[in-house]
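Quick heads-up: structures coming right below.
Look for chain A in each of the two complexes below; its partner is chain B in the first and chain C in the second.
Right after this comes the complex of A and B.
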């Protein structure tokens, strides 16, 4: 009885770890191959059988990609758009998250659900009306327009995540600060803010990555002032294979670094607003 | 220094009436305990005084000031929270100094006052530590130090000892009492622990369902509970309640319990004479019942069910008719389970209650 139980336990463990390794490989293998190709010579990219170790190391392809027309401009555009998106979505979203976390009001659950539902709505359906509206507002083909769009896309996420962060700060702490001479704003700034800054930073970085990677809206809303993904996408079909690898690697890098840095905050991210 | 006045405070959460027209006056320097089961409204009343809840009706006065519409910080109160609410990102020193810093006090004054409060609570060696590096008891002391350093006229405590283990609680209880006699701030202390209430309070306000049922000195609450609820809530084990019927013989009332008769004290006789034939409850504390060797005046036949030696006394569980009563006797009392004994009622210590309403019958109200 006992041995069959422990055998079952071992079997479960093996199954669990195999599944985890399989999933990890599913994600990591392409990343590795892209990185490998991006840092190999042009010839090595076309070589057959494929190399799986960095034997033909070269920065030539990367250098070619970075120096090609429009890439540096689009990197700058991407950075500006991402920073504006982060600032706008935190300024608008964090107070919303605070309200969701601290106050019980009518329709609170419906609003929370609404945020999630809005994420399901396919942006593609909105593309033509959006382009028309942005044209009318003189926002078309500007990085501000893209930042506005990205802010709208990031807001539900930011609100729900920051709500989860604010729930983690006991209300008692704020009330104690109030009895010790703070008004509500001072209590927030002196007690809640210092305790939530790591979490808010994680939310900011995630928003940055969200904007940095976003390609669809950026493509339909710009022509010349493109962000990096839009630039890479538009140049992709007509480009040689090694150029695509270099672009792909350039796109992946910040996302991987940021996600790695904030992974522990992402674990308790969604829907954690129950007190 | 300031007294406190609640004038018909009403607070409603949804369909629950947490405070139902509560009025209470607390004298300057008094230690007032709000006692009751969870959900009775005691914490709500405290939060209304702190300004953390808005009242739905009534006024709150601190001293002569009507503070009903003031923010917490304008009320000149200090509060100790049940969860301690010590700021995790600040050192012990900065936690205690927080309120003084908000008042922009000079640095040397802050330092002096923080060190003084830290000394009172034996925290002097921990001023540079963060709360995460402290034990629960030490965090609790930080919360108290942070409140008393404000030298506020009114000190509020919301179940400050309930998260401590039993031994520490005993120790802190005595310290809080000493602290109060030192600083003499008007103190409102919320608890559901009747022992804490008896030990600390100058007066206890017993609350039930959003109302104050009885407000009096601890021993008066213990000896003369206003009704069955108070008698049952205070005391471990609680008061016994034996049902009986009043019968008036030749103008002298007695309670008929089973086949026995219990006579009231002389003071109650006239009040009971008018209740011939009415059902009543005899409320009596376990230590006011005694075993008697034979039938005599004011005794009832009872059977011992359980004997629990508790060191300082023996606790007996007795079957009296169809009722169960707890009796506390001396530790050397010889008694065995299933023994039939006579139980003697001390007439002076019986609290007579109306069986229907549960209200105490009293010669003096």
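Right after this comes the complex of A and C.
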């Protein structure tokens, strides 16, 4: 009886780990392959059959991509847009998140519902009229226009996530600080803010990745001042394969590193958004 | 006086965001309606929608958008459910696997399309390995208009690969709020893993499952860059047509008509979402 139980246990464990490893391979193998394709010679991209080991390792295709017209500018644009988006959405959104976390007030549920709903509007319905409006306001084809749009897209997310972060700080701490002579702002800055910095940093990084990856609005709102995804997208049909591979990898690498850096916060963040 | 300032404070804190959202989300939506429903002279018209319907790509765009949705969403949910259930057993080393499964969260649909392009293209990795294993004598053209089902399949694979991570995280968050007692009770009654999953875990996970399903459905209506990367314009989709009409043809009116259609489908899905969620949260017994 006992041995059959433990045999079943071992069988279960083997099954569990095989499934887990198989799914990990499904996730990781494509990332390995695009890295392989992005770091090879131009000839290796068209080689038949392809090799699966980095025997043709070379920075040739990557160097070609980076030195192509407009690419470095677009990388710079992407970074600026993402940084502006992070700063603007946190400065605008975090106070709102704090309000939702700390106060009971009339219309609170309606406002919260409004944020949830505004997250769901398709990008197309926002970017097409904004492009028309930006044309009249001289914001079309500027990185500021894209940053405005990205901030609007990120705000509902930032509000909901920061509300979740502020809920996690016990109210007692804040009240204790106030009884010890801090006013509300001081209590916030000296007690609440330091405790929430890791969570806010994770939200900031996630917002950065949202903006870094966004392609539809960025392409609609620009013509020459492209962000990186807009640059790669508009070149899809006219560019050689190795340019696209290098561009794909170039977009993925920082995002994956960032997401890995905030891995511990991911579950909490999504748990908050979903509920 | 103090009470007064306290009661105004939350509105003050929310005001900047609300103003921003009104200016950059609410106003644009009304402007999109104006673009879609108004003539240059400001009269109501359906001409943009008639032009949209007459567009040669319209029927295909509708067909492929809904087909993609029907394949992608279930594939993502099933795959993510397996991942989440595996992680939730908390086997040794499960956190490492969680982080691996979550990695595609960082990847855009455009990048995902390019990743799978390197695999499915004529001299790509898939053809290479099938050739080396002796299954093929020459490359199979996955990405040719002559093999439309194969091309469609590559998009389903790429989207499933990318967005499964999001669904997995949602489902795992849902699993973690299910009280442990439920699992233990099932064990006491001698349920095996499969039975426990089917009859205890899945019903309790219904709110999260439906949540994930509808969120993915809403975003599936917007599928765009991954299609463009893998299929070019051979497989049109609604969001892609909106993009084409504005970015290539400089026609904001028809682009807005397509966008309005996507919005209508999104609203329908959202209404269903809130309806279903309300009933099931109560059914599940904990909220």
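Here is the rule we use: the second predicted complex is superposed on the first by the 241 of 275 C-alpha atoms of A that agree within 3 Å, B and C clash if a C-alpha of one lies under 4 Å from a C-alpha of the other, contacts with A are read in each partner's own complex, and residues count from 1 in each chain.
In this text, contacts are C-beta pairs under 8 Å (C-beta built on N, C-alpha and C of every residue); 3 or more make two chains touch, one makes a residue touch a chain.
Please read these numbers as outputs of a predicted model, since none were measured by experiment.
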A:173 touches, of chain B and chain C: first, second, both or neither? first
First, second, both or neither for A:248, with chain B first and chain C second: second
Chain B versus chain C as contact partner of A:54, first or second or both or neither: neither
Contacts of A:183 with chain B and chain C, given as first, second, both or neither: first
Chain A residues touched by each partner, larger count belonging to chain B or chain C: C
Which superposed partner A:194 touches (first chain B, second chain C, both, neither): first
Contacts of A:105 with chain B and chain C, given as first, second, both or neither: second
Chain B and chain C footprints on chain A, overlapping residues: none
Residue ranges of chain C in contact with chain A within the complex: 7, 9-11, 13-14, 16-18, 20-21, 24-25, 28-29, 31-32, 34-35, 79, 82-83, 86, 89, 91, 94, 97-111, 114-119, 121, 123-125, 127-129, 131-132, 139, 161, 165-166, 169-170, 172-174, 176-177, 193, 208, 211-212, 215, 218, 221-222, 224-225, 228-229, 232, 239, 242-243, 246-247, 252, 255-256, 258-260, 262-263, 266, 270
Complex contacts: residues of chain A adjacent to chain C: 12-13, 16-17, 19-20, 23-24, 26-28, 30-31, 33-34, 37, 46-52, 92-93, 95-96, 98-100, 102-103, 105, 108, 111, 114-115, 117-118, 120-126, 128-133, 148-149, 151-152, 155-156, 159, 209, 213-216, 219-220, 229, 232-234, 236-237, 241, 244-245, 247-248, 251-252, 255-256, 258-260, 263, 266-267, 270-271, 274-275
Partner chain B, residues of chain A touching it in the complex: 170, 172-173, 175-183, 186, 190-191, 194-195
Touch list for chain B against partner chain A, complex: 50-52, 71-73, 77-79, 81-83, 85, 87-89, 98-99, 102-103, 146, 150, 156
